[in-house]
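In what follows, structures are represented as structure tokens.
In the two assemblies presented below, subunit A is common to both, partnered first by subunit B and then by subunit C.
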Partner chain A sequence: MGGLLSYFKSLFGSREMRILILGLDGAGKTTILYRQVSPEILVGEVVTTIPTIGFNVEQVTYKNLKFQVWDLGGQTSIRPYWRCYYSNTDAVIYVVDSADRDRIGISKQELVSMLEEEELRGAVLVVLANKQDLSGAMSVAEVHQALGLDALRARTFQIFKTSATKGEGLDTAMEWLANALTNKK
Partner chain B sequence: MFTLLYGLWKWIFRKDEYFILILGLDNAGKTTYLEQTKTRFTKNYKALPPNKVTATVGLNIGKVDTLGVRLNFWDLGGQEELQSLWDKYYAECHAIIYVIDASDRSRLAESKAAFDQMIKSEHLIGVPLLILANKQDIPDCMGVREVKPVFADSGDLIGRRDCLVMPICALNGEGVEESIQWLTDCVLRNSTIRPPKEDKE
Partner chain C sequence: MNSMKRDKKDEEEGGGGGLFSSLDKTTVLQEARLFNETPVNPRKCTQILTKILYLLMQGEELGTREATDTFFAMTKLFQSKDIVLRRMVYLGIKELSTVAEDVIIVTSSLTKDMTGKEDLYRAAAIRALCSITDSSMLQSIERYMKQAIVDKSPSVSSAGLVSSLHLMASSGEIIRRWVNEAQEAANSDNMLVQYHAIGLLYAVRKTDRLAVIKLVSKYTSLAVRSPFATCMLIRIACRLMEDDPDNDSTYQDFLESCLRHKSEMVIYEAAHAIVNLKRTGARELSPAVSVLQLFCSSPKATLRFAAVRTLNKVAMRQPTAVTACNLDLENLISDSNRSVATLAITTLLKTGAESSIDRLMKQIASFVSEISDEFKVVVVQAIRALCVKFPRKHGVLMTFLSSLLREEGGLDYKAAIADTLITIIEENPEAKETGLAHLCEFIEDCEHTALAVRILHLLGKEGPRTNKPSRYIRFIYNRVILENACVRAAAVSALARFGALVDELTTNILVLLCRCEMDSDDEVRDRAAYYRCILENQDRSLSSHFILNEFQEGEGEPREGMLMTEKKPSAVTKTRQETLAQQLLNIPALAALPLGQLFKSSMPTDLTESETEYVVQCIKHVFPQHVVLQFECRNTLPDQLLENVRISLEIPAGFELVSEIPCPRLEYNTPGNVYSCIRLPDDPQLAMEGTFEATMKFVVKDCDPNTGLPDSDYGYDDEYIVRNDPEVYFLFPLRFLEYFWFYLQLEEVEVATGDFLVKVIEGDFQSAWDGLGEENQVTETFELPYKSLEEAVTKIVKFLSLHPSERSDRVQAGKTTHTLYLSVASLRFLLTSFL
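== the complex of A and B ==
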């Protein structure tokens, strides 16, 4: 009976998925959010943003899945507040500036301490190796290593190369995330 | 009293955990194989449709309970630059599944080279090895008879461990259950050398 009920529930729309976009300041989180919100922004067209103090939240619909996407500010002083948003999160999109080799270590620390949180235990992780359009950007394997992702043993995750300002790679990442979340339900 | 009962409960329902690494070149069918395995061994599992499987750059995990043990799968990306990340998992795994695209003769040598690189690792000495000649549904693909001699060539590296080449089709699931069965038997037999991970919970 319960199975039947949940089957019908899944027919008539589902719960909104909650997604957090996290990462250091200047990684490109806000640009990624607005790329997702308005796909009508032409590929190649540049999106301009200002540093986020606080958060931006938008509702995104992708392939019949409804996402509530939270983009939280990434500056040092406001990172401690990320944890206030962790509960009930289905997925975390972690954005890395692939050209910023100096701060990848800090980015790793933030990621590690975030993943230790009990509330995020079941969350799917997507890492976006952003700013691939810049010269000297780290490759996927380099980002993987620099973030210490090989220490993850019990979590599904995937890394994508993206260029948020150009809109490249985001679609593939969203597609994968949508599949992973449908699968998880 | 509660602690005692809880302990008893935990002891009865405890399962030994083994970790299995799924490796192979990109597009060999590793993720599809994992999805198929999960479908076959997990009740009510809604598999990801094969056409939605994309190139893995990262990690896919799977948990399967069979023959009284729990198998944890790690499915890693197979692209060339990602192969350097494989060895991070060697020390903790109890078995290796190496998947080959049997329909792609042109990349067999490349696959063999990656295989040699992997099997050389000292962390993998004695670990059971299952080689899967995948995509048997494609006409004119290589059978076991063709694949086996190529890998037998590395016999000295493979050594005395359990090793088997099996034909499968991850797409329609042919041979998947048998492969898991064989692997589980091997892992159990090998558990004196590589003991299962204690359930932390």
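== the complex of A and C ==
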């Protein structure tokens, strides 16, 4: 009897969470995905990426939680297809290039219109103010402000500062996300 | 409707289709929504994808919207790691890539799969990736394609090469940059990789002949391991040989070395190539035939088939080369494979001796009903060739053919039989009556209109000249009663010919034609009325012109106005001759001359090259004592005006220039005529040959291209440009102008025998000839410098400008004598040429 119970428990525990990584092109989404896929990549080691035409989808395990992570390309031509992948999404990781002050406005627009989507109504939101290692990068507060996150209501969300290439800040963000998703159930 | 329902039910009961028997597009696409669910159910999704692919293979078409939706749903399946499902997804991508929009969405995922660790994905991912890639996207995957081409895994390398080959059409420029990689792959030990690599290299260089030559010489000397690649090299080498007939013997040596290859495929390819090369002579042929002979006794049916089929082809052109294989072919007659047996027999028919024919025909008869129409045609063609070769065998052969005619068969097959019978009849006078009898019997029950019409035509042509023409009337008239309008009309025309040619039958034919005038079809009635009207006149020349001629000019073209006129119909339409004569009479200077009746006007001949600035054509008008040369001149330069255009002629001895009429003004693009009237020599022998050297003389003025008026800048006191050489312009003061003519040398004008002969379209040569009487016939023997009979016939017809009668311009291949009937009416004498 006990065996059966633990079987159900493990079954439940292993239900895959569906996560989307979104953001403009060059923000660091693919770098972040592959750091998660291969945690053995050391902090400070470099992950090389090429522009994503379409999407990458990978399974990521974090603290016994299984995530199915979709990294969608951020080029203008591909953004319209994001919506094809919204349904059944548990969380969105929105990545911002903190050093790209020119396009932070566009980044905000994309975020706003994405959050308006009905299919994403229940999704947890993590914003990563990435590329913090670059000099002249906006601070977390500046990014928070520029994206207009103050206006967010009824959304489980948190913003973190990260440097994907250096691997800094990602762990904290993932830990928060894992907790948020477990609590939500 | 009912029967359709029953069919469907039958199918269901048969239960053959199972899962896929009654798929419906809408339902299946509905099911495809399952792709969007997480977690993915690989087994179910694989099944749904299979259904979609099945529908597409059945020819079902998806709209852009449907395809795009399905495609995007399918992309969700990339989250599953199930290998079978992923490979199904690749297939789905390939199939939908042409219909769905924005298919590039899977580029990254496929690129990852093609470079990833899972070998089972890589080749298929490459193929899928290339199907969604256009030349703008190709650059971004170029690096991976190059890597794939030189990959260690043969399947990956082949996939890269073949996909590149497919992309050649749209992105040739990019693919050309991958030549180094392809060259590396061409050294592969793997047979397919090497084949695909050389294939790609050839595709890249195809348009550059020198590069292809290099390619072939490189890989032929390298002793390529892959038999596929060797076969391809054989084909490329053949193409090179055909393009350049006088190249050296390297390729020939290569082909012959391939005959000794260890792979049967290569040996056959080489033999086949040698046999089909135009340049192949007996020396080259014999080793090829030897290997084919060996294949004839191979235990593999495909090899036997290939060999005998190729030998069959050789036998058509060079039967003697195949005689050596007769024994092997004999063994194949009883081959369990009917196709092999048929080809063996027909080959033997072409190569064998007269004595073996009866036996072979019996053999064929035993299984002819079991083979397909296509092969039956092969049999018939073989028989046709036999009839030409052994005319004495026509009895056996015709009986066989007519038995074939009675059996089931399509139009092509029946037409081939009828054609063969017709050839026999035309070739072989002894066979005529039997042949016609067979054909009569056939049209009694012939479902092919076209064929029936042809046979009726033949009956009308040949029937009246047989011993007992009346026996055919019944068969022909039966058609009028029983068949469709087309056949009825043809039957009426055939009847009319009997009426015109056989006096005893005329009255009866008139009665029959009368009945035909009651027909429900316009064309049939018109023909009947038309022919009756002519026959009732009882005028030989009338019926010869309007019943018998018509058969040469084509069916069913009754002449204009024929039925209304009581006069001789020739006066009704104005001929080219009459128009030209009228034109000449309109020129006062010519009308004043005592020329008499125009006998013949030639076709225009060019005296200048077609590209020149001034174009001159000459028409020769022949009169009883004179020839009028009409030079039609055209000025193609908009900024020039020619004045005082004359043609000066060098008059040969015996001829005499009577009068010359210049053309005062030749404006741009408006033709103008210069006439020269020449009196012919009194000696008719001399009159038949005359060569006139011609020079065009004229004055040139520059003019305004818009108005055509001489340039005002060049007032009369100023200068004109006079051209003396097309390349050089001279300027001359006006006052000298009259003394400076421009001379243009023209081609010579020749007056020859042909100009004095008139083509007469004589329907029935024999009766016209007989009507001439002995005193008008002369027989002479000529030695002619022509290589073949065909050449001689065409040259003579052209030289004499005569009309060949009774289709006697067609020379039967392989004959040494030929009678050419030419109809002539001449002004001064009558000439008929026999050969």
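Here, the second predicted complex is superposed on the first by the 172 of 185 C-alpha atoms of A that agree within 3 Å, B and C clash if a C-alpha of one lies under 4 Å from a C-alpha of the other, contacts with A are read in each partner's own complex, and residues count from 1 in each chain.
One rule holds in what follows: a residue touches a chain if its C-beta (ideal position, glycine included) is under 8 Å from a C-beta of that chain, and two chains touch if they have at least 3 such contacts.
As the structure is a computational prediction, the values presented were derived from the model and not from experiment.
Peer 1: Could you say whether A:Phe55 touches subunit B, subunit C, both of them, or neither, answering first, second, both or neither?
Peer 2: A:Phe55: touches subunit C, not subunit B.
Peer 1: Determine, for the superposed model, which of the two partners subunit B and subunit C contacts more residues of subunit A.
Peer 2: B
Peer 1: Applying the document's definition of touch, where does A:Gly73 land relative to subunit B and subunit C: first, second, both, or neither?
Peer 2: In the superposition, A:Gly73 contacts subunit C only.
Peer 1: State whether A:Cys84 touches subunit B only (first), subunit C only (second), both chains, or neither.
Peer 2: second
Peer 1: So, A:Lys108: does it touch subunit B (first), subunit C (second), both, or neither?
Peer 2: neither
Peer 1: Quick check on the complex: what are the subunit C residues that touch subunit A?
Peer 2: Interface residues on the subunit C side: 36-39, 72, 75-76, 78-79, 81, 102, 104-109, 111-112, 137, 140.
Peer 1: State the interface residues of subunit A toward subunit C in the complex, per the touch definition above.
Peer 2: By the definition above, subunit A touches subunit C via 16, 18, 50-57, 59, 68, 70, 73, 78, 81, 84-85, 87-88.
Peer 1: Applying the document's contact rule, which stretches of subunit B touch subunit A when the two form their complex?
Peer 2: Against subunit A, subunit B makes touches at 19, 44, 46-48, 52, 54, 56-61, 72, 74, 81-82, 84-85, 88-89, 92.
Peer 1: In the complex of these two chains, what residues of subunit A are touching subunit B?
Peer 2: So the residues of subunit A touching subunit B come out as 3, 127, 139-141, 144-145, 149-150, 152-160, 172, 175-176, 179, 182-183, 185.
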